[in-house]
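Each of the next two complexes has chain A plus one other chain: chain B in the first, chain C in the second.
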Partner chain A sequence: MAEKYIARSSAIAARLLGDEMMVMSTADSTFFTLNEVASVIWQAADGLTPLSEIVAAKICREFDVDQEQALRGAERFVEELSQHGILLVSDKPLMDSSLSLVSR
Partner chain B sequence: MSLLAEMNQKALRLGLPLSVHLDITYRCNERCVHCYLDHDDHGEMTTEEIVDVLTQLADVGVFFLSLSGGEVLMRRDFFEIVERARQLLFNVKVKTNGVMIREKEAARLRQLGVEQVQISVYSHRPEVHDAITKLPGSLKRTIRAIRFLKSQGLKVVIANVLMNGNFSDQPGVIALARELGVSYTLDPTITPKMDGDTSILALRIPGSELRQVFHNQELVGNVEEFCAPPPPPGEDIMEGFPCSAGHTACYISPYGDVFPCVQFPLPSGNVRRQKFLDIWRHSPQLQDVRSIRAKDLSTCSSCAHVGTCTRCPGLAYMEGNMRGPSTADCEKSFQRTGIPSANMLAGAYGSSRGQLIQIQAAG
Partner chain C sequence: MTTTPSTTAHEAVTIEIGGMAIALRTNDPSFGRLIEDRYAGFVGTSPGPRVEFDIDLYESSQSSPADDDLKVKIEAGEWLLQRGDFRARWNPGTSRGQIRQSRSPYAIDCVLRIVHTLVLARQGGFLVHAASAIRGGKAFLFSGVSGAGKTTISRLAPPDATLLTDEISYVRREGNQYVACGTPFAGELARVGENQSAPLSALFLLEKGLHNSIEPMGATEAVQRLLRNVLFFADDPELVELVFQAVCEFASLVPIRRLIFVPDQRVWDIIR
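After this line comes the complex of A and B, so read on.
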């Protein structure tokens, strides 16, 4: 299966509130909250690390879940956010977007 | 409850500010007759100071950032400020009169991912709008700006402040908003000037016109529901907070002064002398504001409208008591429902006008 690379879009606003990440698309004002696991994927979305590697290193290790199951969940999450233009997905590494994003 | 409302509740529980209104300048190229500001520059924060404040706000969890003024584009570093704010991932809303926005500026706002631009329009007729702004040609330039912003795909909201001189033009402004394909919001609130001058309150629309606004289906939706008599308040109402000011929101002036809200001139600290988080957590003034529950309000706690009134604690503060009534909101509740407020029934209505508190820099 081809690797997926994910990067945060520059057209978003985001902030960590407690253990949840708030994310809003500035294009269509869609508002999401990401749970702890999704927030970890979000913060690791640097465009350069394959999704499978993020899941293995950040999710399976920290949350003690099965790799295959975690990857399926991560792919669904990535798919949903990419439909709103919040995450960029590619089968090749993604270059930095126009804004240098600082996730807090 | 919407997701956003849930986040607001969560921020309230965690004691975090979710929204900040930052005025980056009080300078303006218009001289609106109803404006509460002094337009001189008394020592605005520098670009570096503003960037430092933005970084602090991001660190404490602020998500919504409104950049306003004055006219924001009077600052040469405006786009630098917006760029930094967007790098820090704020949801940025900009309030402007649009006069200085042309194609290039609109494109830059779009590129930076500004979520919304709010533009003041007082009338669809140049002779009325320009008489209010005291800037000839301003309506033409403002409409041109809206078209540029729309052509970039930006979300634009026309803000229509209602006053004596433009009330009858309100349907015309709605029609203009429709023609331009933008949203419309109205505000019938005229506030005293920051130096305590109350003369501009004479511009407030009379009660009969306020009543027309509240009974206009196009503006309020379901009139019967909107104007229904208030239900008896439950314990949750009496234990509740009057508004988000000082709880999940605050205001910062161009000079670094922190207030509970732009309409609540209670000096609570200054970011030039203290870290924002110290002010947010430890300011005695903000703590005082946060201690207020509906049950503590003098007069209002026994008012039929206590659960549904738009009572502004800032306007009440300007009338002399942040726990007291705001007569402008008493009037709104009365005109909306036909039921007099407790303050009106006590005969105090109107007596506090002219005793407004003067805004001052934090000591």
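After this line comes the complex of A and C, so read on.
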């Protein structure tokens, strides 16, 4: 199965409050609240690290979950956010993507 | 026929809301008086208004309905504001603009709200659908969608509370605190707020219930609900981000609580 690379769109505003990340599309004001696991994936979405590696290094290790199960969950999450244009997904590294800034 | 050059007297009425002055210049004295009456209590005398508009009136038969879609966009550094009953341009660089509108005061009201939201967004503040009042030197906001109880809570306010508005509250950032300012933007009470301000102590999100209580609220829910009530008109991603960050900042500095209340004056006993 092809690797997926993910990067945060620049057309979003994001803010970490407590353990939860709030993300809003600046194009259509769609608002998402990401839980702790989703926030970790979101923050690791640098366009260069394969999704499977993010899951293995950040999710399985930190949250003690099975790799296959975690990857399926991550792919669903990525699919949903990409449909709203706030995560960019590619089968190649997203070298030129302008990463969004996340305020704390 | 006269060959003498003539001038038309343009009267300016300066409206000061939240400490920001907007001068409205019209060559129609009766419309000038209409503005003065509508914004009584907010008509200022600042020597140097921050924003100036020239108003060009036309007969209302030439206009489209006021409920036509509002459009606010920036083009070549100039904001363009348009609705059925008005067209306006405003250049933030020169602080000058023009409004072409029918004689309806609602057009002016809308332009004022938009200009304040655009200016406030860059200063970390916002306008929000909320009643607000000062009591004991502290300001309180009561926010909610239409029907949530803004007018009711305003009507129940005790005599020692100063009502800033029953509809649109003005929130300005000052260092690490926020200040609520009175506005002339009235709701069902049809009463212009008092032109006063005070440090903001709390924001309550209104919910009608069977008892009076104040309950905590998670930060993300607070931000999401507050965002729904913040006035924002511009189709501009940069400003959307500024408003989003302003609301997040606000939520990190000002307590936001759920206020469940019955329409009874005792609700004010628990507002501190």
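Details
Note that in this section the second predicted complex is superposed on the first by the 97 of 104 C-alpha atoms of A that agree within 3 Å, B and C clash if a C-alpha of one lies under 4 Å from a C-alpha of the other, contacts with A are read in each partner's own complex, and residues count from 1 in each chain.
Here, a contact is a pair of C-beta atoms (placed from the backbone, for glycine too) under 8 Å apart; a residue touches a chain by one contact, two chains touch by 3 or more.
This is a predicted model, so every value here is computed, not measured.
Using the contact criterion defined above for the overlaid structures, shared-chain residue A:26 touches chain B and also reaches chain C.
In the superposed model, B is the one of chain B and chain C that contacts more residues of chain A.
Of the residues of chain A, those at positions 11, 13, 15, 17-18, 20, 22, 24, 26-27, 29, 31, 33, 103 touch chain B in one of the two structures and chain C in the other. Those residues of chain B lying in contact with chain A across their complex are 3-4, 6-7, 10-11, 14, 16, 18, 58-59, 61-63, 83, 86-92, 111-115, 153, 155. By the touch rule above, chain A contacts chain C in their complex via residues 11, 13, 15, 17-18, 20, 22, 24, 26-27, 29, 31, 33, 103. Every residue of chain A that touches chain B in the complex is listed here, in rising order: 10-18, 20, 22, 24, 26-27, 29, 31-33, 98-104. Within the complex formed with chain A, the residues of chain C that make contact are 218-220, 223-224, 227, 237-238, 240-241, 244-245, 248, 251-252.
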